[in-house]
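Chain naming follows the written order as A, B, C, D, E and F, and within any one chain the residues start at number 1.
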Amino acid sequence: MIYITRKFHFSASHRVYNPALSDEENLKKYGKCSNPNGHGHNYVMKVTVAGEVDPEIGYVMDLTELKVLVEKYLVDKVDHKNLNLDVDFMKGVLPSTENIALKFWEQIEPVINTDSRKLYSIRIQETINNSVEYRGNN
Amino acid sequence: MIYITRKFHFSASHRVYNPALSDEENLKKYGKCSNPNGHGHNYVMKVTVAGEVDPEIGYVMDLTELKVLVEKYLVDKVDHKNLNLDVDFMKGVLPSTENIALKFWEQIEPVINTDSRKLYSIRIQETINNSVEYRGNN
Amino acid sequence: MIYITRKFHFSASHRVYNPALSDEENLKKYGKCSNPNGHGHNYVMKVTVAGEVDPEIGYVMDLTELKVLVEKYLVDKVDHKNLNLDVDFMKGVLPSTENIALKFWEQIEPVINTDSRKLYSIRIQETINNSVEYRGNN
Amino acid sequence: MIYITRKFHFSASHRVYNPALSDEENLKKYGKCSNPNGHGHNYVMKVTVAGEVDPEIGYVMDLTELKVLVEKYLVDKVDHKNLNLDVDFMKGVLPSTENIALKFWEQIEPVINTDSRKLYSIRIQETINNSVEYRGNN
Amino acid sequence: MIYITRKFHFSASHRVYNPALSDEENLKKYGKCSNPNGHGHNYVMKVTVAGEVDPEIGYVMDLTELKVLVEKYLVDKVDHKNLNLDVDFMKGVLPSTENIALKFWEQIEPVINTDSRKLYSIRIQETINNSVEYRGNN
Amino acid sequence: MIYITRKFHFSASHRVYNPALSDEENLKKYGKCSNPNGHGHNYVMKVTVAGEVDPEIGYVMDLTELKVLVEKYLVDKVDHKNLNLDVDFMKGVLPSTENIALKFWEQIEPVINTDSRKLYSIRIQETINNSVEYRGNN
């Protein structure tokens, strides 16, 4: 088993809040992250795929293919967008980094997994200090 | 002359657009940066102060004092905010990185400059690939 | 299971040596790290907590709570300190990065673990080239 | 079990291609990586060793010893070299990052493993965006 | 005057040697950089343009335009290439980082400079430790 | 004129204090930096030399020569040392980053400058957030 990782960047805005609560209650729960007019981040995402090396090709998976898939299904949908308002698969989801990772996994796992490889991990760094990793059942 | 630099971080959202134009015209001029619901960034700012070393103290300026001033006059006003809507000194200003640097300079130069030191440079990195520097008359 | 990670910084001095040995013997065993007057590092620490996402909140754990706990129990005790002389829980411990990680784990695990989350990993980078990770029984 | 990691750098050139195919077929399969005159990278390698901390010494393994072994058996053989032509243990091997990691593991595992420690992981970053990890049976 | 900077990456191979000298003499003068089969690097380039901010647009220069120009005239010609053999404007030039910067300046200055902006600096980082800057007459 | 820069690392401890003052007065003036048992940093230093490119060689200065000089006259004297106690040219000097840069300049300028090149800048980063630059009369 070899693990290959590609890094991606996207810049998005969001507001972390529970719409069932008042602005005051959200401020108490989420602090400055609940600012009513939103804020934003340069997210850094690392997608790791696990598989065997194809002896003919020397690759677990062509990284250009991985790039094209992740850009089509994830990056192009969230880059320079508002995560609360502009992204179909995030509708009704509180856009914490944890939930972003879980929703991204749902979107991308089916298009990456084949008989010889599988999605192993999605790591999303929200700021230079904070990150989240989801590995599914791995 | 010695140059001292301190790095700051702030996360903010913005929409780069000219309100006198239609969404279509803004899209043509500013591309994805004009997304109507905005997007955001982790901005990295480097503030450089030039001065002589005080022989008694060994410092051009106490970096804790620099930190307190820049946080009070800049970072606290823009971190986890919407640059178009939430920041008093950015009202009516197109929030390009160039304009952010110019407005930040106006805010912070008067409180940094003394007889023995002066603001030398503000650098603002919007993404891992793009940055802007303003040096006033230096 | 989701893994959340927060990064911390602390600057400390230490001397890596065995007090039962002579300076010459320490020099032979620990090289320049045994310099009698000490040396120091900017340590970078990554603390990872594993848990389920609380569906009401969208978080495994509020990162501000994690920050407050790690600063109170670890960072405030070691930052700008001498690891051989100034830190209660390091008394009598050879301050290698391995031992720092083990002692930090002992301090912080009891205050992080709850029914829904547990300390998963502590990584400590001593220099840009060297790091240590401890995961307890994970 | 503690995991210690040391980072290494080497700069090398390579051509990713299958000598059994024509230049056109290689271009189709490997894109710009098959450029006939080659190209190159600053590779970053992280070698992780797992083991118990020796209570006398405070180390899993002296990092200077790890540095000397990895430089002798790996870095000195590939740094400022052509991976297709200059490296004995890469002869006849398609120099994908996956294969480099696998061949490096074969070279270095026997000289690192002892009763109290074992090679745990080799990570090789080919560009700022791409990396590969091999962990053997770990 | 505002300075805007965009970062670019390219991966290339080269051999640093003087063709008028023997391999032994080149080895003496250029060390491992003269390896006959070449080696390579991930070059990082920062291009800085100086100008006034257009008050209508808020930009010194649209960074997308800068990206397109630098990719067309520089990056596409050197990325995944051999700098000694594959690049028209480097023919007969010893590919030291200094000379790469000088030749890049010649290529790109005429297409960047206008009445309201001018090329200010090209910085090229060859390894994590080494870089070169050329500023023309600035 | 071309500017070449090489990066260096050293790990050292220090205490920032004025020996003419009491511990309480030093604490008031220098805060946690005056901790009586000291603390330490991984310093990152960038040394920039300006000169013309030698057309025969393609270099402003052989970077290996620059490395050897800076290691001999600076890095070897401060790495894994206590800046207050172990460094001859820092005796009696308050080891602020400003003063380190000034003293380093005195040590290294005479051995770098020749007819065709001169020391242009020394930058010293004390932490990930703070740095100092000295350029002499440049």
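Note that a contact is a pair of C-beta atoms (placed from the backbone, for glycine too) under 8 Å apart; a residue touches a chain by one contact, two chains touch by 3 or more.
Keep in mind that this is a model prediction, so the values were computed, not measured.
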Please name the chain that ends up farthest from chain D once chain centres are defined by their CA atoms averaged. B
Of C-F and A-D, pair with higher C-beta contact tally: C-F
Roughly how many whole angstrom separate the Cα centroids of chain C and chain D? 29
Taking each chain's centre as its mean C-alpha position, how far apart are chain D and chain F in Å? 34
What are the residues of chain A that contact at least two other chains? 128
Tell me, which parts of chain A touch chain D in their complex? 1-7, 53, 56-60, 63-64
Seen from chain C, its contact residues with chain F in the complex are 9, 11-14, 32-33, 35, 37-42, 79-82, 85-86, 127-128
Spell out the part of chain B that touches chain E in their complex, as residue ranges. 16, 18, 29, 31, 94-99, 101-102, 128-135
